[in-house]
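Just so it is clear, A, B, C and D label the chains in written order, and each chain counts residues from 1 on its own.
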Amino acid sequence: MTEPTTDHVTLHLASVLPSVEAVEQTAESFAQKAGFDEDDIGHIALVCREAAVNAVVHGNKYDPGKEVTADFDLTDDALSVRIGDQGSGFNPNEIPDPLAEENLLRTHGRGVFLMRAIMDEVHFRQLTPGTEITLKKHRTTREADK
Amino acid sequence: MTEPTTDHVTLHLASVLPSVEAVEQTAESFAQKAGFDEDDIGHIALVCREAAVNAVVHGNKYDPGKEVTADFDLTDDALSVRIGDQGSGFNPNEIPDPLAEENLLRTHGRGVFLMRAIMDEVHFRQLTPGTEITLKKHRTTREADK
Amino acid sequence: MDIKIRHVEGVTVLDLSGKITMGEGSGQLRSALTDALSAGSKKILVNLGGVSYVDSSGLGELVGGYTTVKNAGGEMKLLNLSKKVKDLLVITKLLTVFDVSEDEASAIASFS
Amino acid sequence: MDIKIRHVEGVTVLDLSGKITMGEGSGQLRSALTDALSAGSKKILVNLGGVSYVDSSGLGELVGGYTTVKNAGGEMKLLNLSKKVKDLLVITKLLTVFDVSEDEASAIASFS
(Lines give C-alpha, C1' and ligand atoms only; values in the text may rest on other atoms or scores of the structure.)
Protein backbone atom coordinates (compact mmCIF):
# COMPACT_ATOMS: atom_id res chain seq x y z
CA MET A 1 0.00 0.00 0.00
CA THR A 2 1.48 3.33 -1.09
CA GLU A 3 0.71 6.16 1.32
CA PRO A 4 -0.56 9.39 -0.27
CA THR A 5 1.89 12.30 -0.28
CA THR A 6 -0.88 14.80 0.51
CA ASP A 7 -3.46 15.09 3.27
CA HIS A 8 -6.30 15.95 0.97
CA VAL A 9 -7.62 14.60 -2.30
CA THR A 10 -10.91 15.07 -4.13
CA LEU A 11 -11.92 12.45 -6.68
CA HIS A 12 -14.64 12.71 -9.31
CA LEU A 13 -15.53 9.16 -10.24
CA ALA A 14 -17.62 7.41 -12.84
CA SER A 15 -20.68 5.53 -11.64
CA VAL A 16 -19.21 2.09 -12.22
CA LEU A 17 -18.22 -0.57 -9.69
CA PRO A 18 -14.44 -0.22 -10.14
CA SER A 19 -14.83 3.29 -8.67
CA VAL A 20 -15.88 1.59 -5.47
CA GLU A 21 -12.59 -0.31 -5.34
CA ALA A 22 -10.72 2.92 -5.98
CA VAL A 23 -12.51 4.60 -3.08
CA GLU A 24 -11.73 1.65 -0.86
CA GLN A 25 -8.03 1.63 -1.76
CA THR A 26 -7.75 5.38 -1.32
CA ALA A 27 -9.52 5.20 2.05
CA GLU A 28 -7.16 2.41 3.06
CA SER A 29 -4.07 4.43 2.23
CA PHE A 30 -5.38 7.52 4.03
CA ALA A 31 -6.34 5.44 7.08
CA GLN A 32 -2.87 3.98 7.05
CA LYS A 33 -1.32 7.42 6.82
CA ALA A 34 -3.54 8.45 9.74
CA GLY A 35 -1.94 5.74 11.82
CA PHE A 36 -5.06 3.69 12.61
CA ASP A 37 -4.41 0.08 13.56
CA GLU A 38 -4.82 -2.72 11.06
CA ASP A 39 -8.35 -3.72 12.10
CA ASP A 40 -9.54 -0.12 12.01
CA ILE A 41 -7.95 0.43 8.59
CA GLY A 42 -9.84 -2.54 7.18
CA HIS A 43 -13.12 -1.43 8.72
CA ILE A 44 -12.76 2.20 7.62
CA ALA A 45 -11.93 1.11 4.06
CA LEU A 46 -14.95 -1.21 4.09
CA VAL A 47 -17.48 1.41 5.11
CA CYS A 48 -16.09 3.99 2.68
CA ARG A 49 -16.60 1.34 0.04
CA GLU A 50 -20.19 0.83 1.27
CA ALA A 51 -20.88 4.55 0.91
CA ALA A 52 -19.45 4.48 -2.61
CA VAL A 53 -21.56 1.44 -3.53
CA ASN A 54 -24.67 3.31 -2.38
CA ALA A 55 -23.68 6.37 -4.45
CA VAL A 56 -23.09 4.29 -7.59
CA VAL A 57 -26.00 1.88 -7.18
CA HIS A 58 -28.80 3.69 -5.29
CA GLY A 59 -27.81 7.27 -6.11
CA ASN A 60 -26.52 7.43 -9.68
CA LYS A 61 -27.92 4.05 -10.70
CA TYR A 62 -24.80 3.19 -12.72
CA ASP A 63 -25.15 6.14 -15.11
CA PRO A 64 -21.51 6.69 -16.22
CA GLY A 65 -22.45 10.25 -17.12
CA LYS A 66 -23.21 11.01 -13.47
CA GLU A 67 -20.35 11.61 -11.08
CA VAL A 68 -19.57 10.23 -7.69
CA THR A 69 -17.30 12.58 -5.74
CA ALA A 70 -15.04 11.31 -3.02
CA ASP A 71 -13.19 13.71 -0.80
CA PHE A 72 -10.54 12.52 1.65
CA ASP A 73 -9.26 14.88 4.29
CA LEU A 74 -6.74 14.05 6.96
CA THR A 75 -6.25 16.55 9.79
CA ASP A 76 -4.43 16.28 13.12
CA ASP A 77 -7.79 15.49 14.62
CA ALA A 78 -9.55 13.10 12.25
CA LEU A 79 -9.93 11.39 8.90
CA SER A 80 -13.01 12.62 7.04
CA VAL A 81 -14.35 11.02 3.90
CA ARG A 82 -17.16 12.66 1.96
CA ILE A 83 -18.99 10.78 -0.79
CA GLY A 84 -21.45 12.59 -3.04
CA ASP A 85 -23.76 11.44 -5.82
CA GLN A 86 -26.19 13.07 -8.27
CA GLY A 87 -29.13 10.77 -7.61
CA SER A 88 -32.63 11.57 -6.46
CA GLY A 89 -31.85 11.48 -2.76
CA PHE A 90 -33.57 9.63 0.06
CA ASN A 91 -34.56 10.08 3.66
CA PRO A 92 -31.90 8.56 5.89
CA ASN A 93 -34.29 8.61 8.86
CA GLU A 94 -36.39 6.01 7.12
CA ILE A 95 -33.67 3.37 6.92
CA PRO A 96 -35.00 0.34 8.83
CA ASP A 97 -32.96 -0.92 11.80
CA PRO A 98 -31.19 -4.08 10.61
CA LEU A 99 -30.94 -5.36 14.19
CA ALA A 100 -34.72 -5.43 14.66
CA GLU A 101 -36.01 -8.99 14.97
CA GLU A 102 -38.10 -8.70 11.79
CA ASN A 103 -35.14 -7.38 9.74
CA LEU A 104 -32.44 -9.75 10.94
CA LEU A 105 -32.90 -12.08 7.98
CA ARG A 106 -33.16 -9.40 5.29
CA THR A 107 -30.60 -9.69 2.51
CA HIS A 108 -30.05 -5.92 2.33
CA GLY A 109 -29.90 -2.86 4.51
CA ARG A 110 -26.73 -3.23 6.58
CA GLY A 111 -24.51 -0.67 4.81
CA VAL A 112 -25.41 2.55 6.62
CA PHE A 113 -25.66 0.64 9.87
CA LEU A 114 -22.06 -0.56 9.47
CA MET A 115 -20.91 2.97 8.67
CA ARG A 116 -22.48 4.21 11.92
CA ALA A 117 -21.07 1.33 13.94
CA ILE A 118 -17.53 1.80 12.67
CA MET A 119 -17.09 5.55 12.22
CA ASP A 120 -17.40 8.17 14.97
CA GLU A 121 -19.67 10.43 12.93
CA VAL A 122 -21.95 9.85 9.93
CA HIS A 123 -23.86 12.76 8.42
CA PHE A 124 -26.13 12.96 5.40
CA ARG A 125 -26.73 16.12 3.44
CA GLN A 126 -29.26 16.55 0.63
CA LEU A 127 -27.76 17.94 -2.58
CA THR A 128 -29.70 19.35 -5.52
CA PRO A 129 -29.85 16.74 -6.80
CA GLY A 130 -28.16 13.99 -4.86
CA THR A 131 -26.86 12.88 -1.53
CA GLU A 132 -23.66 13.62 0.32
CA ILE A 133 -22.51 11.45 3.17
CA THR A 134 -19.68 12.39 5.50
CA LEU A 135 -17.85 9.69 7.43
CA LYS A 136 -15.47 10.79 10.17
CA LYS A 137 -13.13 8.89 12.46
CA HIS A 138 -11.12 10.64 15.15
CA ARG A 139 -7.44 9.93 15.60
CA THR A 140 -6.26 9.22 19.09
CA THR A 141 -3.14 11.05 20.25
CA ARG A 142 -1.12 7.95 19.51
CA GLU A 143 -2.34 7.86 15.90
CA ALA A 144 -1.86 11.58 15.26
CA ASP A 145 1.74 11.31 16.47
CA LYS A 146 2.71 9.03 13.63
CA MET B 1 -23.54 -1.62 -20.28
CA THR B 2 -25.46 1.52 -19.24
CA GLU B 3 -25.05 4.38 -21.72
CA PRO B 4 -24.19 7.75 -20.18
CA THR B 5 -26.95 10.35 -20.21
CA THR B 6 -24.49 13.14 -21.03
CA ASP B 7 -21.96 13.70 -23.81
CA HIS B 8 -19.24 14.93 -21.53
CA VAL B 9 -17.77 13.82 -18.25
CA THR B 10 -14.57 14.72 -16.41
CA LEU B 11 -13.25 12.31 -13.83
CA HIS B 12 -10.58 12.93 -11.20
CA LEU B 13 -9.28 9.55 -10.21
CA ALA B 14 -7.00 8.10 -7.56
CA SER B 15 -3.73 6.59 -8.74
CA VAL B 16 -4.77 3.01 -8.08
CA LEU B 17 -5.41 0.20 -10.55
CA PRO B 18 -9.22 0.09 -10.12
CA SER B 19 -9.24 3.59 -11.66
CA VAL B 20 -8.00 1.97 -14.83
CA GLU B 21 -11.03 -0.33 -14.91
CA ALA B 22 -13.29 2.67 -14.32
CA VAL B 23 -11.71 4.50 -17.27
CA GLU B 24 -12.13 1.43 -19.43
CA GLN B 25 -15.79 0.97 -18.53
CA THR B 26 -16.53 4.65 -19.03
CA ALA B 27 -14.76 4.63 -22.41
CA GLU B 28 -16.75 1.55 -23.37
CA SER B 29 -20.06 3.19 -22.56
CA PHE B 30 -19.13 6.39 -24.42
CA ALA B 31 -17.93 4.38 -27.44
CA GLN B 32 -21.19 2.50 -27.37
CA LYS B 33 -23.16 5.73 -27.21
CA ALA B 34 -21.08 6.98 -30.17
CA GLY B 35 -22.35 4.04 -32.18
CA PHE B 36 -19.01 2.37 -32.92
CA ASP B 37 -19.20 -1.30 -33.80
CA GLU B 38 -18.45 -3.98 -31.25
CA ASP B 39 -14.83 -4.55 -32.28
CA ASP B 40 -14.09 -0.84 -32.25
CA ILE B 41 -15.72 -0.43 -28.84
CA GLY B 42 -13.48 -3.13 -27.39
CA HIS B 43 -10.37 -1.63 -28.96
CA ILE B 44 -11.17 1.93 -27.91
CA ALA B 45 -11.85 0.82 -24.34
CA LEU B 46 -8.58 -1.12 -24.34
CA VAL B 47 -6.38 1.78 -25.40
CA CYS B 48 -8.07 4.22 -23.02
CA ARG B 49 -7.25 1.69 -20.32
CA GLU B 50 -3.62 1.61 -21.55
CA ALA B 51 -3.39 5.38 -21.27
CA ALA B 52 -4.81 5.21 -17.74
CA VAL B 53 -2.34 2.48 -16.78
CA ASN B 54 0.51 4.69 -17.95
CA ALA B 55 -0.83 7.65 -15.97
CA VAL B 56 -1.18 5.57 -12.77
CA VAL B 57 2.01 3.52 -13.14
CA HIS B 58 4.56 5.62 -15.07
CA GLY B 59 3.13 9.07 -14.33
CA ASN B 60 1.83 9.15 -10.75
CA LYS B 61 3.64 5.99 -9.66
CA TYR B 62 0.62 4.79 -7.62
CA ASP B 63 0.63 7.80 -5.29
CA PRO B 64 -3.05 7.93 -4.19
CA GLY B 65 -2.56 11.60 -3.36
CA LYS B 66 -1.87 12.38 -7.02
CA GLU B 67 -4.78 12.57 -9.41
CA VAL B 68 -5.39 11.04 -12.78
CA THR B 69 -7.91 13.06 -14.77
CA ALA B 70 -10.01 11.46 -17.47
CA ASP B 71 -12.13 13.58 -19.74
CA PHE B 72 -14.63 12.03 -22.14
CA ASP B 73 -16.17 14.16 -24.84
CA LEU B 74 -18.59 12.98 -27.48
CA THR B 75 -19.36 15.35 -30.34
CA ASP B 76 -21.13 14.78 -33.68
CA ASP B 77 -17.71 14.36 -35.16
CA ALA B 78 -15.67 12.27 -32.75
CA LEU B 79 -15.09 10.69 -29.38
CA SER B 80 -12.17 12.32 -27.54
CA VAL B 81 -10.66 10.96 -24.38
CA ARG B 82 -8.06 12.94 -22.47
CA ILE B 83 -6.02 11.37 -19.69
CA GLY B 84 -3.80 13.53 -17.48
CA ASP B 85 -1.38 12.73 -14.68
CA GLN B 86 0.83 14.68 -12.27
CA GLY B 87 4.04 12.74 -12.88
CA SER B 88 7.40 13.91 -14.05
CA GLY B 89 6.64 13.68 -17.74
CA PHE B 90 8.58 11.98 -20.55
CA ASN B 91 9.54 12.47 -24.15
CA PRO B 92 7.05 10.60 -26.35
CA ASN B 93 9.42 10.89 -29.30
CA GLU B 94 11.82 8.60 -27.52
CA ILE B 95 9.44 5.64 -27.28
CA PRO B 96 11.13 2.76 -29.14
CA ASP B 97 9.26 1.22 -32.08
CA PRO B 98 7.90 -2.12 -30.83
CA LEU B 99 7.78 -3.48 -34.39
CA ALA B 100 11.54 -3.11 -34.89
CA GLU B 101 13.25 -6.48 -35.13
CA GLU B 102 15.30 -5.89 -31.99
CA ASN B 103 12.21 -4.89 -29.94
CA LEU B 104 9.80 -7.59 -31.06
CA LEU B 105 10.56 -9.80 -28.07
CA ARG B 106 10.51 -7.07 -25.42
CA THR B 107 8.00 -7.62 -22.63
CA HIS B 108 6.99 -3.94 -22.53
CA GLY B 109 6.47 -0.95 -24.75
CA ARG B 110 3.37 -1.73 -26.82
CA GLY B 111 0.86 0.56 -25.07
CA VAL B 112 1.35 3.84 -26.94
CA PHE B 113 1.82 1.92 -30.17
CA LEU B 114 -1.61 0.28 -29.73
CA MET B 115 -3.16 3.67 -28.99
CA ARG B 116 -1.76 5.04 -32.26
CA ALA B 117 -2.82 1.96 -34.23
CA ILE B 118 -6.39 2.02 -32.97
CA MET B 119 -7.27 5.71 -32.59
CA ASP B 120 -7.28 8.29 -35.40
CA GLU B 121 -5.30 10.83 -33.40
CA VAL B 122 -2.97 10.60 -30.41
CA HIS B 123 -1.42 13.75 -28.94
CA PHE B 124 0.82 14.28 -25.95
CA ARG B 125 1.02 17.52 -24.04
CA GLN B 126 3.46 18.32 -21.24
CA LEU B 127 1.81 19.60 -18.07
CA THR B 128 3.58 21.30 -15.17
CA PRO B 129 4.02 18.76 -13.83
CA GLY B 130 2.70 15.77 -15.70
CA THR B 131 1.53 14.43 -19.00
CA GLU B 132 -1.73 14.73 -20.86
CA ILE B 133 -2.60 12.37 -23.65
CA THR B 134 -5.53 12.92 -26.01
CA LEU B 135 -7.02 9.98 -27.88
CA LYS B 136 -9.50 10.74 -30.64
CA LYS B 137 -11.60 8.52 -32.88
CA HIS B 138 -13.82 9.96 -35.61
CA ARG B 139 -17.37 8.80 -36.04
CA THR B 140 -18.43 7.89 -39.54
CA THR B 141 -21.75 9.29 -40.76
CA ARG B 142 -23.37 5.98 -39.93
CA GLU B 143 -22.18 6.13 -36.34
CA ALA B 144 -23.09 9.79 -35.78
CA ASP B 145 -26.62 9.05 -36.98
CA LYS B 146 -27.29 6.74 -34.07
CA MET C 1 -15.71 -15.97 -5.67
CA ASP C 2 -14.93 -19.63 -6.23
CA ILE C 3 -16.98 -22.48 -4.79
CA LYS C 4 -15.73 -26.05 -4.51
CA ILE C 5 -18.00 -28.83 -3.28
CA ARG C 6 -17.04 -31.79 -1.08
CA HIS C 7 -19.05 -34.48 0.67
CA VAL C 8 -17.93 -35.50 4.16
CA GLU C 9 -19.92 -38.04 6.21
CA GLY C 10 -23.30 -37.02 4.85
CA VAL C 11 -22.53 -33.30 5.01
CA THR C 12 -22.10 -31.17 1.90
CA VAL C 13 -19.15 -28.81 2.40
CA LEU C 14 -18.91 -25.71 0.22
CA ASP C 15 -15.37 -24.32 0.21
CA LEU C 16 -15.69 -20.65 -0.70
CA SER C 17 -12.71 -18.57 -1.73
CA GLY C 18 -12.17 -15.01 -2.85
CA LYS C 19 -14.45 -12.10 -2.07
CA ILE C 20 -18.18 -12.04 -1.38
CA THR C 21 -19.05 -8.48 -2.24
CA MET C 22 -21.28 -6.24 -4.31
CA GLY C 23 -20.53 -7.26 -7.86
CA GLU C 24 -18.35 -10.27 -7.05
CA GLY C 25 -20.23 -13.52 -7.36
CA SER C 26 -23.62 -12.23 -6.28
CA GLY C 27 -26.10 -15.05 -6.46
CA GLN C 28 -23.34 -17.65 -6.81
CA LEU C 29 -23.67 -18.97 -3.28
CA ARG C 30 -27.44 -19.08 -3.55
CA SER C 31 -27.31 -21.15 -6.73
CA ALA C 32 -24.69 -23.55 -5.31
CA LEU C 33 -26.97 -24.04 -2.30
CA THR C 34 -30.03 -24.58 -4.50
CA ASP C 35 -28.09 -27.18 -6.47
CA ALA C 36 -27.02 -28.96 -3.29
CA LEU C 37 -30.60 -28.94 -2.00
CA SER C 38 -32.02 -30.37 -5.22
CA ALA C 39 -29.34 -33.07 -5.08
CA GLY C 40 -30.87 -34.05 -1.74
CA SER C 41 -28.37 -32.47 0.69
CA LYS C 42 -29.92 -31.17 3.88
CA LYS C 43 -26.75 -30.67 5.91
CA ILE C 44 -24.64 -27.91 4.45
CA LEU C 45 -21.42 -26.50 5.84
CA VAL C 46 -20.18 -23.27 4.25
CA ASN C 47 -16.42 -22.99 4.73
CA LEU C 48 -15.32 -19.36 4.61
CA GLY C 49 -11.67 -20.21 5.28
CA GLY C 50 -10.62 -18.95 1.84
CA VAL C 51 -12.76 -15.82 1.95
CA SER C 52 -10.63 -12.74 2.38
CA TYR C 53 -13.38 -10.20 2.27
CA VAL C 54 -17.12 -9.76 2.87
CA ASP C 55 -19.08 -6.53 2.61
CA SER C 56 -22.72 -5.80 3.50
CA SER C 57 -23.90 -7.36 0.23
CA GLY C 58 -21.85 -10.43 1.09
CA LEU C 59 -23.49 -10.60 4.52
CA GLY C 60 -26.80 -10.45 2.65
CA GLU C 61 -25.70 -13.36 0.45
CA LEU C 62 -24.93 -15.45 3.52
CA VAL C 63 -28.25 -14.60 5.15
CA GLY C 64 -30.14 -15.27 1.91
CA GLY C 65 -28.42 -18.62 1.59
CA TYR C 66 -29.28 -19.49 5.17
CA THR C 67 -32.95 -18.74 4.56
CA THR C 68 -33.00 -20.72 1.31
CA VAL C 69 -31.62 -23.78 3.05
CA LYS C 70 -33.87 -23.41 6.07
CA ASN C 71 -37.00 -23.01 3.92
CA ALA C 72 -36.09 -26.24 2.14
CA GLY C 73 -35.96 -28.05 5.49
CA GLY C 74 -32.15 -28.11 5.60
CA GLU C 75 -29.52 -26.74 7.92
CA MET C 76 -26.65 -24.42 6.97
CA LYS C 77 -23.68 -23.72 9.23
CA LEU C 78 -20.55 -21.59 8.84
CA LEU C 79 -16.94 -22.66 9.24
CA ASN C 80 -13.61 -20.83 9.56
CA LEU C 81 -14.52 -17.15 9.73
CA SER C 82 -11.66 -14.66 9.53
CA LYS C 83 -11.50 -12.08 12.30
CA LYS C 84 -12.77 -9.39 9.94
CA VAL C 85 -15.82 -11.40 8.87
CA LYS C 86 -16.55 -12.41 12.47
CA ASP C 87 -16.38 -8.75 13.56
CA LEU C 88 -19.03 -7.91 10.97
CA LEU C 89 -21.28 -10.75 12.13
CA VAL C 90 -20.96 -9.52 15.71
CA ILE C 91 -21.77 -5.90 14.81
CA THR C 92 -24.80 -6.91 12.75
CA LYS C 93 -25.98 -9.50 15.33
CA LEU C 94 -25.85 -12.16 12.64
CA LEU C 95 -23.75 -14.26 14.98
CA THR C 96 -27.03 -14.91 16.81
CA VAL C 97 -28.48 -16.33 13.57
CA PHE C 98 -25.63 -18.48 12.30
CA ASP C 99 -24.17 -21.57 13.84
CA VAL C 100 -20.45 -20.87 13.51
CA SER C 101 -17.52 -23.13 14.19
CA GLU C 102 -13.78 -23.12 13.83
CA ASP C 103 -13.08 -26.79 13.45
CA GLU C 104 -14.30 -28.86 10.54
CA ALA C 105 -14.48 -32.18 12.36
CA SER C 106 -16.66 -30.86 15.16
CA ALA C 107 -18.77 -28.86 12.69
CA ILE C 108 -19.44 -32.05 10.73
CA ALA C 109 -20.25 -33.95 13.95
CA SER C 110 -22.61 -31.19 15.09
CA PHE C 111 -25.14 -31.87 12.33
CA SER C 112 -27.85 -34.01 13.90
CA MET D 1 -6.02 -15.53 -14.31
CA ASP D 2 -6.37 -19.24 -13.69
CA ILE D 3 -3.98 -21.83 -15.10
CA LYS D 4 -4.77 -25.54 -15.31
CA ILE D 5 -2.19 -28.04 -16.51
CA ARG D 6 -2.78 -31.16 -18.64
CA HIS D 7 -0.46 -33.59 -20.37
CA VAL D 8 -1.44 -34.80 -23.82
CA GLU D 9 0.81 -37.10 -25.84
CA GLY D 10 4.05 -35.66 -24.49
CA VAL D 11 2.84 -32.08 -24.74
CA THR D 12 2.17 -29.96 -21.64
CA VAL D 13 -1.04 -28.00 -22.18
CA LEU D 14 -1.68 -24.91 -20.04
CA ASP D 15 -5.36 -23.94 -20.06
CA LEU D 16 -5.49 -20.24 -19.20
CA SER D 17 -8.68 -18.53 -18.20
CA GLY D 18 -9.64 -15.03 -17.13
CA LYS D 19 -7.75 -11.86 -17.98
CA ILE D 20 -4.06 -11.38 -18.69
CA THR D 21 -3.62 -7.72 -17.88
CA MET D 22 -1.68 -5.21 -15.84
CA GLY D 23 -2.32 -6.25 -12.27
CA GLU D 24 -4.11 -9.52 -13.04
CA GLY D 25 -1.84 -12.50 -12.65
CA SER D 26 1.36 -10.83 -13.80
CA GLY D 27 4.16 -13.33 -13.57
CA GLN D 28 1.74 -16.24 -13.15
CA LEU D 29 2.24 -17.56 -16.67
CA ARG D 30 6.00 -17.20 -16.39
CA SER D 31 6.12 -19.22 -13.18
CA ALA D 32 3.82 -21.93 -14.56
CA LEU D 33 6.14 -22.21 -17.57
CA THR D 34 9.24 -22.34 -15.37
CA ASP D 35 7.63 -25.13 -13.34
CA ALA D 36 6.79 -27.08 -16.51
CA LEU D 37 10.34 -26.64 -17.80
CA SER D 38 11.89 -27.84 -14.56
CA ALA D 39 9.58 -30.86 -14.65
CA GLY D 40 11.20 -31.68 -17.98
CA SER D 41 8.54 -30.47 -20.44
CA LYS D 42 9.92 -29.04 -23.66
CA LYS D 43 6.70 -28.97 -25.70
CA ILE D 44 4.29 -26.46 -24.26
CA LEU D 45 0.93 -25.47 -25.66
CA VAL D 46 -0.71 -22.40 -24.13
CA ASN D 47 -4.47 -22.58 -24.58
CA LEU D 48 -6.00 -19.10 -24.54
CA GLY D 49 -9.53 -20.41 -25.16
CA GLY D 50 -10.74 -19.22 -21.76
CA VAL D 51 -8.98 -15.86 -21.93
CA SER D 52 -11.46 -13.04 -22.40
CA TYR D 53 -9.03 -10.20 -22.34
CA VAL D 54 -5.39 -9.33 -22.96
CA ASP D 55 -3.83 -5.86 -22.75
CA SER D 56 -0.32 -4.73 -23.67
CA SER D 57 1.05 -6.07 -20.38
CA GLY D 58 -0.60 -9.39 -21.18
CA LEU D 59 1.04 -9.42 -24.60
CA GLY D 60 4.31 -8.84 -22.75
CA GLU D 61 3.57 -11.82 -20.50
CA LEU D 62 3.07 -14.03 -23.53
CA VAL D 63 6.26 -12.81 -25.19
CA GLY D 64 8.21 -13.19 -21.95
CA GLY D 65 6.92 -16.72 -21.56
CA TYR D 66 7.88 -17.54 -25.13
CA THR D 67 11.42 -16.33 -24.52
CA THR D 68 11.72 -18.24 -21.24
CA VAL D 69 10.72 -21.49 -22.95
CA LYS D 70 12.91 -20.90 -25.97
CA ASN D 71 15.96 -20.09 -23.85
CA ALA D 72 15.46 -23.38 -22.02
CA GLY D 73 15.54 -25.23 -25.32
CA GLY D 74 11.78 -25.77 -25.46
CA GLU D 75 8.98 -24.77 -27.79
CA MET D 76 5.85 -22.80 -26.83
CA LYS D 77 2.81 -22.49 -29.12
CA LEU D 78 -0.55 -20.77 -28.73
CA LEU D 79 -4.01 -22.26 -29.11
CA ASN D 80 -7.55 -20.85 -29.45
CA LEU D 81 -7.08 -17.09 -29.67
CA SER D 82 -10.21 -14.96 -29.52
CA LYS D 83 -10.68 -12.47 -32.32
CA LYS D 84 -9.75 -9.61 -30.01
CA VAL D 85 -6.48 -11.22 -28.93
CA LYS D 86 -5.63 -12.18 -32.50
CA ASP D 87 -6.25 -8.59 -33.66
CA LEU D 88 -3.72 -7.40 -31.09
CA LEU D 89 -1.14 -9.95 -32.21
CA VAL D 90 -1.62 -8.83 -35.80
CA ILE D 91 -1.25 -5.13 -34.98
CA THR D 92 1.88 -5.74 -32.90
CA LYS D 93 3.36 -8.20 -35.44
CA LEU D 94 3.57 -10.82 -32.69
CA LEU D 95 1.73 -13.20 -34.99
CA THR D 96 5.07 -13.48 -36.82
CA VAL D 97 6.67 -14.65 -33.57
CA PHE D 98 4.12 -17.12 -32.26
CA ASP D 99 3.02 -20.38 -33.76
CA VAL D 100 -0.75 -20.14 -33.43
CA SER D 101 -3.39 -22.76 -34.07
CA GLU D 102 -7.09 -23.20 -33.69
CA ASP D 103 -7.34 -26.92 -33.24
CA GLU D 104 -5.87 -28.77 -30.31
CA ALA D 105 -5.29 -32.09 -32.06
CA SER D 106 -3.28 -30.56 -34.90
CA ALA D 107 -1.45 -28.27 -32.47
CA ILE D 108 -0.38 -31.32 -30.45
CA ALA D 109 0.65 -33.15 -33.65
CA SER D 110 2.66 -30.14 -34.86
CA PHE D 111 5.23 -30.47 -32.08
CA SER D 112 8.17 -32.33 -33.62
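One rule holds in what follows: contacts are C-beta pairs under 8 Å (C-beta built on N, C-alpha and C of every residue); 3 or more make two chains touch, one makes a residue touch a chain.
Just so we're clear, the structure is a prediction, and the values are computed from it rather than from any experiment.
A.B. asks: Name the chain whose C-alpha centroid is farthest from the C-alpha centroid of subunit C.
C.D. replies: B
A.B. asks: How many Å are there between the centre of subunit B and the centre of subunit C, using C-alpha atoms for each centre?
C.D. replies: The answer is 42 Å.
A.B. asks: Report, in whole Å, the distance between the mean C-alpha point of subunit A and the mean C-alpha point of subunit C.
C.D. replies: Comparing mean C-alpha positions, subunit C is 27 Å from subunit A.
A.B. asks: For subunit B, give me the residues that contact two or more of the other chains.
C.D. replies: In subunit B, 20 touch at least two other chains.
A.B. asks: Which residues of subunit D are in contact with two or more other chains?
C.D. replies: Within subunit D, no residue touches at least two other chains.
A.B. asks: Pairs of chains that touch, anyone?
C.D. replies: Contacting pairs: A-B, A-C, B-D.
A.B. asks: Mind listing the subunit B positions that touch subunit D in their complex?
C.D. replies: 17, 20, 39, 42-43, 46, 49-50, 53, 57, 98-99, 104-108, 110-111, 113-114, 117-118
A.B. asks: Which bits of subunit A are touching subunit B when the two form their complex?
C.D. replies: Subunit A reaches subunit B through residues 2-7, 9-14, 16, 18-23, 25-26, 29-30, 61-67.
A.B. asks: In the complex, go through subunit C and note every residue touching subunit A.
C.D. replies: So the residues of subunit C touching subunit A come out as 22-23, 55-57, 59-61, 63-64, 66-67, 83-84, 87-88, 91-94, 96-97.
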